[in-house]
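The letters A, B, C and D name the chains in turn, as written, and every chain counts its residues from 1.
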């Protein structure tokens, strides 16, 4: 939705005071216009939600109430609420509320599959990510303590206490390195050299976790899709209804068309290997091991 | 192609004015020479393209026209067009056009398999990468807004408005950290410390996406090759024609010889397990479960 | 445990001298309180450990002694020892010992599964990580040597000897880049440009190693769980006892519920393909290829 | 080898002139001692190499000659050659040759499996890594060209020509960010902001390539080991000789004991599923589908 991006631009530009004062009318007009559109959208979604295919929402009143609490609806509400709050309760703390409109960016999630994938992965790996950041924080803490011992008396301004040294150690371990604070003694340089090298290894953890998370999530989806496909092809072939069902599943699970085709090829080949093992006499599949009686029907023929 | 690299060197060196003025003759001569070579190459390719194995290009006129619009041909054209434009329409905006010759670097794609692999992966994951950059931009935006609230009045030069604060937040979240703008208040340092640590996690997304993309792409290629190989070895052995076909497929799909050999070993072993299960009497493969009649042919022998 | 985090906060805050002097009483009180709690916890664990399901610890005395040497117990001991040491031997070197309380952070390992996963991976990959850091150190060393040759006489302060140049090269290769020391000659800039670009590739090694490590560890766990599940479902179905056993295994191995469900689906489908191949006459599974005699039992019936 | 590390320390320390002049005798003595040890090692290896299990080296003279050209032997030679060269041809360019002793670090490769793994992966992925660095260089070039257009006239010192702007763009795209050169115009900041964000994505390529490389290499090794194991267990069980052979293969391929055990478990379970399908009457494995004649031997018994 273009409107969301325009809103973000408006928030950013209007924080430049001269510009805001010069074109206040336009900014305020645009704000009222976009809030009107978003309110309309919110209302319509709330109206339509009972028609959804999701059973839980089909009750006319309770369904709507449940919808209001769904994450998507909350984001939509958050995008318009600040305006109404500041409108009804006066314009106090106007600046803070205006900036909250940045949250409208989150509305974009609805329109992008890959963004949804990334957010899913981040949510799934949140636990592991927090652990990685905890390890990182331990390293930062140790670095700050070390520098406080080593350079606390040389540069009291920068390393005079652990909280002050934390600024330097955070900036260093994160490989940002502003350079406003740097060690000056030999011991300090040696120590921070070691910390920096360790920092590379530890700061690599989030990348590793996210890579593992994305790979596993994609694999899980492919596997689910494969299970669905095997189920759909159980009777040996795939009719039109099955194909349409699989296409719906594919979109729901969210894997690419190329991926799906490869899974299809694999399942087909596996099936072919099995359907090759049909009894060349009675054409019954040998997978369902033809009932032993058949053996003799044929053997009788041969024996005669 | 060495010439492409020499061209890039020429563009870079000639932007140093003294050098350009001193050796203008050589630079211009080299430019004319390389444009001549590239034009010749373009012409030859256009001439030869109808001989290609690709059906879509075999018609003498429409085929050529279609070739002109292929991405490779467009890059080739872009590499020589600036010169002719500036030649026919005068040398206005000479500097810009000269620099466009840097695009000739893209011609190297034709000569490297691994470069092609990387570009394929980047193109495939473009969607996900853009989503990651969008998440990154949201963090940058939030960081800028936060610093604008916290230090807007202390350092109006650097954080006086969101657009100005964006410079600092971009540089910080990307872990570049020039150090020309740094927070000075306690609150600002605390806030930017949190942002920096979050930044490590978010800035790791592209690495994760690309790693997942490369791994999946290589896996997909190996899988396609495996499918081809299983198909080629269906009748239980691999003749010379099949081997040559597989070699062509291997190069087309673009997997290494070592990889291919491993796939071959696996398929062979699978096949061996199956071919072991041949009837030791009649040599019919048991995979095609020997027709029941055979049982009695042998059993008769034994019974006698 | 909240108390651990509060302790870390206390260590950090109290290194700010003014604050410490102002509220010394509270800090000391909090220290005594938390040491008391941790001592109590340590004592209780030591008391209870003989009840553990682990055989090696069940002997009343030797078991306790063995527990004292387990890594978890050592960390617990380390968290309280500094206080008692400084209490009994006087407050000499007080500051160092106080900071050692930061090690209490390590106690958090007990409470988080994902933290344990990360530490497992780091321990497993320690060898490879050290190798990567060795390669990194070689690059840093070469960079320092190169700059010592190139700029040693221009900036004797920064590059006058290899140890001094090491500071710059460490900061640069790690992409921290404080900017307190930068090359100024053309040759130095060219050389460090090459080193920086190489540095990106080499500094990426830890991320790659850790990503590979996490992915492999998770795969290994999933595979172990799958083996357990196949074993539990050997007789074709999964009773309540088997389910409870699998749940215990799942928690012990440490894979998520969603992961476990997918493995279950896969194993079930494999099994279903096999259980389909039951003899439709005598209901004996054909996997255990019905004993040939059966054939005739049926065939007799048919022949009649 | 400790001696190698000591040598590196010596090179580093001795570049500090005062120290070198003070303890010249010790440094020179240590150098002569370590060259003596390395020469002895080289001689012994050259003597013993014909006893190697590798056929290609078993000829007494040609084998030795071939060994001299192997990469390992070349590194060993490179570690001692500088000393002899400077000894026989005088001490001109002494400093450069001394620093070459840093290459002795490469000798450590012989002693570490994981270092060898990393170097294997880097060599295998060299092609792809170079492609990634080429893409990176294109981005750096474009960034330099852009800044040359945008700020060439504002900061002629830093961005006056493309070669000069290259320094800034290299430092920025690599996320080092010294801060000695920064854009000052609005347009320059906007442009470099975009370049920095693109840089994050592109600079992530090497990490992605190496991660993919390590994962694939480990997978390939596991697969090779699995193939060996399946081959060794073909007759249904694993005798002591087979176990010893597998252990040798495991060490040669270079996978961990835990990994090997898991592969063993999997192969065993697969085998068990197959060995379950033994004929319960004659105990012949049904994998080698018992010759049909057997059927009747039993059936006769039953029929009686």
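Brief remarks on what is shown
Keep this in mind: contacts are C-beta pairs under 8 Å (C-beta built on N, C-alpha and C of every residue); 3 or more make two chains touch, one makes a residue touch a chain.
From a predicted model like this one, the values you see are computed outputs, not experimental measurements.
Ranked by distance of CA centroids from chain B, the top chain is C.
To fit its Cα atoms onto chain C, chain A must turn through 90 degrees, a value rounded to the nearest 5. As a whole-number value, the distance joining the C-alpha centres of chain B and chain D reads 24 Å. Taking each chain's centre as the mean of its C-alpha atoms, chain A lies 34 Å from chain D.
Contact of a single residue of chain D with at least two other chains is seen at positions 132, 166, 175-179, 204, 207-208, 211, 215, 295. Viewed as a contact network, the protein chains are fully connected, with every chain touching every other.
Against chain C, the residues of chain B that register as touching in their complex are 175-179, 204, 207-208, 211.
By the touch rule above, chain B contacts chain A in their complex via residues 127-128, 130-132, 134-135, 138, 141-142, 145, 148-149, 161-163, 166, 172, 175-179, 182, 189, 193, 196-197, 199-201, 204-205, 207-209, 211-212, 215-216, 220, 223-224, 227, 230-231, 287-289, 291-293, 295-297. Per the touch definition, chain C reaches chain A in the complex via residues 8, 11-13, 15-17, 95-96, 99, 102, 105-106, 108, 112-115, 117-119, 129, 132-133, 136-137, 166-167, 170-171, 174-180, 203-204, 206-207, 210-211, 213-215, 218, 258-259, 262, 265-266, 269, 276-277, 279-281, 286, 290, 294-295, 298-299, 301-303.
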